[in-house]
């Protein structure tokens, strides 16, 4: 033991004496511009693809070297790190910014609009954005002042995963419910026939799915910079979910990971969650699993907020900004986009990837579950992002409200109304 | 020169004492830079409204304090913190105390095995523990739920129920903390002279009396140390499972002062509120600090 | 000492139950790390894998430079441990064997840092490390951890229990402080130092919150951070790979513990804090 | 000159004076015992010699050099501690030679010193044991050995035998004498045990309350106590001290009185002192069942068996007087007559407690020589 401890001490001291070499961003030995790319893609969510894309890019680029940095805890975690970095006076070059942080990001961080960089340094790409992206998709990355903050990169939408085995066992249509009303009915039947939970509605640390549920019923999260979700339609929509959890006890109120775990192991018949979970569910479920389009409300159009993130340029100087666009242009190429979709399950933001031979044509044909997500993209609306300094607080209030409502400590009507008032008060400050 | 001499005189600085100061310099530098300065900076921040990145900090006087103390949420967090402390103390102070006593006095066999096994999880990361327990304790699909299902029991939906969530997160934390405290207390009890315990046994004193009237007072210095450590350290340990499993939810039901300070700083970016909460936490800990110097530091000295 | 037999058996049952509760998760984690994810989802109760596989470990080794990451963890843990022990030892020596002005105040100040929650120092420390250009470097993780109040406290306690006459004998032999430290005090507080050192090593090895803030690129990760790469709310958690990473994370502390458990428990018991 | 000299040495902790104005000299090669009740400052005095305590005021000379600011290690002293202070992590051998190794002595030299001390103190065969595996007596001998091998000029011992049982003490004292015979160090030895002091010392320095009470040979300390404290501290049971009211040549206790003989009357007259205390050791009182012509009458209160003799506690007009008797037939309640031996009495000034000295007739040649060296403080 003594010998062992001495060895440890010795090694430790040696290690300390070896000079520490921290390479800062800047220029590498071979004259390439070195930039940082911050992403949130865990290994289960395209981490490998990010790695591959960055490696390939570095291999073919003579002027730029990209270092990818994974940020745990999704866009919130990334924003935290960015905050700390900014407080310390640094910034990476390219950053994934989640939609819900769109306004907060543009209000608080310094960035350059991609188009500006393009016009300054890459006249040949001047029409790149306009040519390759649909206007409604590009609009997703505009802040409340109408500025193009970044370029949409990861696009996801919520779909309904169904366990056909359970549906059949309960004597229900194995193609799953088409409307929210049916979701509720199905769940009741499932509970009665099989004793299992009928439904799980994803509960992450954001209000993305909630927005889909409410806005599809005709409610509007934000109108003219004010919160307006507590409309009649909004309350009605939320009540359906609350009823399922509290009254019928057919829906599961549980954390996201645990909810998905319960769907995969067959304890829950249907799960409403992001298409990004597809590979996890598809690979691990041992039953007849399918993904169907997001349910509508009887007689109404589906409105689905885009999930995911945009890429923004936060590089502080022109050299790095230039490098940033070079890297981004590579990421937005058809081949890269296709890889990205395959690796993550996200829907490609470029309009020409899905049908291109070097894009996703064959892939989509082979992966039925993706179809639901791609097909419903015409219903995409921007993710509601509250403007101003209080935006994040407003978002947090809504999250807290979800726990209160589904925990049964407040009625939907009272909860939505009071939080709406509170948020509007905050936004007015 | 004369000023230097004066300093020397007031500090009573002869060669011998200079060595004493010298030995402290490494610690003092590290603490000054990485603890005391940050502490003062946090005090400073508690008087400003700042979101960590904006170049301007707005001086708001005691408004942060007014807001934090005026917010009913703060009192919910106080309540949670108190509940955490009570549960953690019960599991990580009272139970190990009894266990240490039992293993030292009552049990004659397998003592070595028990000690090794109970200490084992203390060596493992709480992140690992948090992920592991989230899975194991899944109220619908987890192994425990299934085993309970066989005997017709249900696991409460703990991640989403007030009260339960604190209990379970405390249990996860205890998984790691229990063994260490147990060994500390065992060491102390084991160090009590056997003659004293034996003479009590000769007088036919029942075990519980031995525990309360001999063991407890004679190991009190360690007891208080563990007591304080449980509050100060475990409350910080709980941070990891809270962050990994619930992020303070549902509706702040699992948040405590430490996590809430983090939440204010890094989730909603209200640095001033976060600093204020930290300062309030410090003030509460100060009471413990007082206890510590009153009993542990000197108590231990005399116990030797 | 005669103990009632039923009392003894009852306590054995209680201890066994506690041991199972504490140890089961570790065994479960090991089992799951050799199980395909699909089986893990669908047969949660199979501690012994139905279809044993190394796939989870292979995935881990494929996605991260595991050796480098383990080295990082080891460097951080051992350098921090050595320095904490060293600074604590020197400080304790000063507090116990010198009488200088302001000693009590300094002791009070240093010990009181135990009571400062990490949230207080987190932001300013981040700024300092960043100013020093040590972001994304193991040294940035190590730097604020070079001294420790609990270490000072425990070693001071241990030193105070050395009879002062031992030091006086040494002084009569005209020993310098270096000699006294090395030949007399150090061997006598070795149990305390070892137990404190083991504890520092383990804490540092498992440290999570602070390295998350500092380390950015995967090459510079520590093992507990690597774990996060397989946890994602949006993409789902790859539980079995996470368990494989967990096992790798646990393996060194556990081997250390299991190999030296007699010694470690003995050390902790004899050093105690008394 | 390996002597130790105190000049107005004082030691205080804050406001408490532990040692008040010490002035004396310890002679080269002598065995001086610092004797006194606990808390009298004797250990502090020893530790000041060793350099383990700072000297608050005054000067300490050793070997003719002022030592106040010389660190312990440079004073050429060896010391044996009450708890032996053996290094628990070193073997017997390592303990003994550690100091020598630090001083970088030649290996050969170290070995020969080790060998001789191992033989002298019968430690052969124990060299590789750790202190925890030794008996109390063995530990004590190791501590002695460790101090001996240093061959220092000054050898200090702080209650070195107090943790041993009576038999071991006797043999340990012999060993100490052996060591002293061999190396003739200046030995300063602290104890609270008067037997140890009597049997071992060349001279005894008796201390009380931070002050030196008497410094003299064991014989003189016993027979010629310099003050009431010395008289009472030395000897068991302690010296009886009685007040002599308005004496006029008589020791009057209540109704009874005893006439002093001419030799004492003359001595008192020369001293011109009136208020006196009368002291007599229990072993110098004659007891009888029949009245003495010039004696007291008392009543037996109780009796203590001392083995070879009996302490008889008597009530004399409400005061307690104790006498030693070889006779065992005393009973509680007996009337007893007793008479102090006139040539063995001690008289002290009431005010200061100092002895008024002894009539010339009682002083022999030896006493007269010692007269100069006697210190009355």
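By written order: A, B, C and D. Residues from 1 in each chain.
In this section, a residue touches a chain if its C-beta (ideal position, glycine included) is under 8 Å from a C-beta of that chain, and two chains touch if they have at least 3 such contacts.
Since this is a predicted model, take the numbers as computed values, not measurements.
Asks: Could you quickly compare B-C and A-B and let me know which has more C-beta contacts?
Replies: Looking at B-C and A-B side by side, B-C shows more C-beta contacts.
Asks: With centres defined as the mean of C-alpha atoms, identify the chain lying farthest from chain B.
Replies: D
Asks: As a quick test, compute the distance in whole Å between the mean CA positions of chain B and chain D.
Replies: 57
Asks: Need the CA-centroid distance for the pair chain B / chain C, whole Å please.
Replies: 15
Asks: Cα centroid separation between chain A and chain B, in whole Å?
Replies: Chain A and chain B have C-alpha centres separated by 36 Å.
Asks: Distance from the CA centroid of chain A to that of chain D, rounded to the nearest Å?
Replies: So the centroids are 91 Å from each other.
Asks: Pull out every residue in chain B that's touching 2 or more other chains.
Replies: Where chain B meets two or more other chains at a single residue, that happens at 52, 135, 141.
Asks: For chain C, jot down the residues that touch at least 2 other chains.
Replies: 44, 123, 228, 231, 237, 239
Asks: By residue number and range, which residues of chain A touch two or more other chains?
Replies: 84, 87, 205, 257, 261, 265, in rising order.
Asks: Got a list of which chains touch which?
Replies: Once each pair is checked, the touching ones are A-B, A-C, B-C, C-D.
Asks: Going by the contact rule at the top, pick out the chain B residues touching chain C in the complex.
Replies: 10-13, 16-17, 19-24, 26-28, 30-31, 33-39, 41-42, 45, 52, 99, 102-103, 105-110, 112-129, 131-133, 135-136, 141-143, 146-147, 175, 178-180, 183-184, 186-188, 190-191, 197-198, 201, 207, 221-222, 225, 232, 235-236, 239-240, 243-244, 257-258, 261-262, 265, 271, 274-275, 277-279, 281-282, 285-286, 288-289, 292-293, 297, 300-301, 303-304
Asks: Can you tell me which positions in chain C touch chain A when the two form their complex?
Replies: The contact residues of chain C facing chain A are 37-38, 41-42, 44, 59, 63, 75, 78-79, 81-83, 123, 126-127, 130-131, 133-140, 194, 197, 201, 212-213, 216-218, 225, 228-239, 241, 260, 263.
Asks: State the interface residues of chain A toward chain B in the complex, per the touch definition above.
Replies: These residues of chain A touch chain B: 76, 80, 83-84, 86-87, 108-109, 197, 205, 252-255, 257-258, 261-262, 265, 267-268, 389, 392-393, 396, 399-400, 403-404, 406-407, 409.
Asks: Taking the touch rule as given, give the residues of chain D at its contact with chain C in the complex, in rising order.
Replies: Within the complex, chain D contacts chain C at residues 50-52, 71-75, 77-79, 81-83, 85, 87-89, 98-99, 102-103, 146, 150.
Asks: Considering only the defined contacts, which chain C positions touch chain D in the complex?
Replies: Touch residues, chain C against chain D: 163, 165-166, 168-169, 171-175, 179, 183-184, 187-188.
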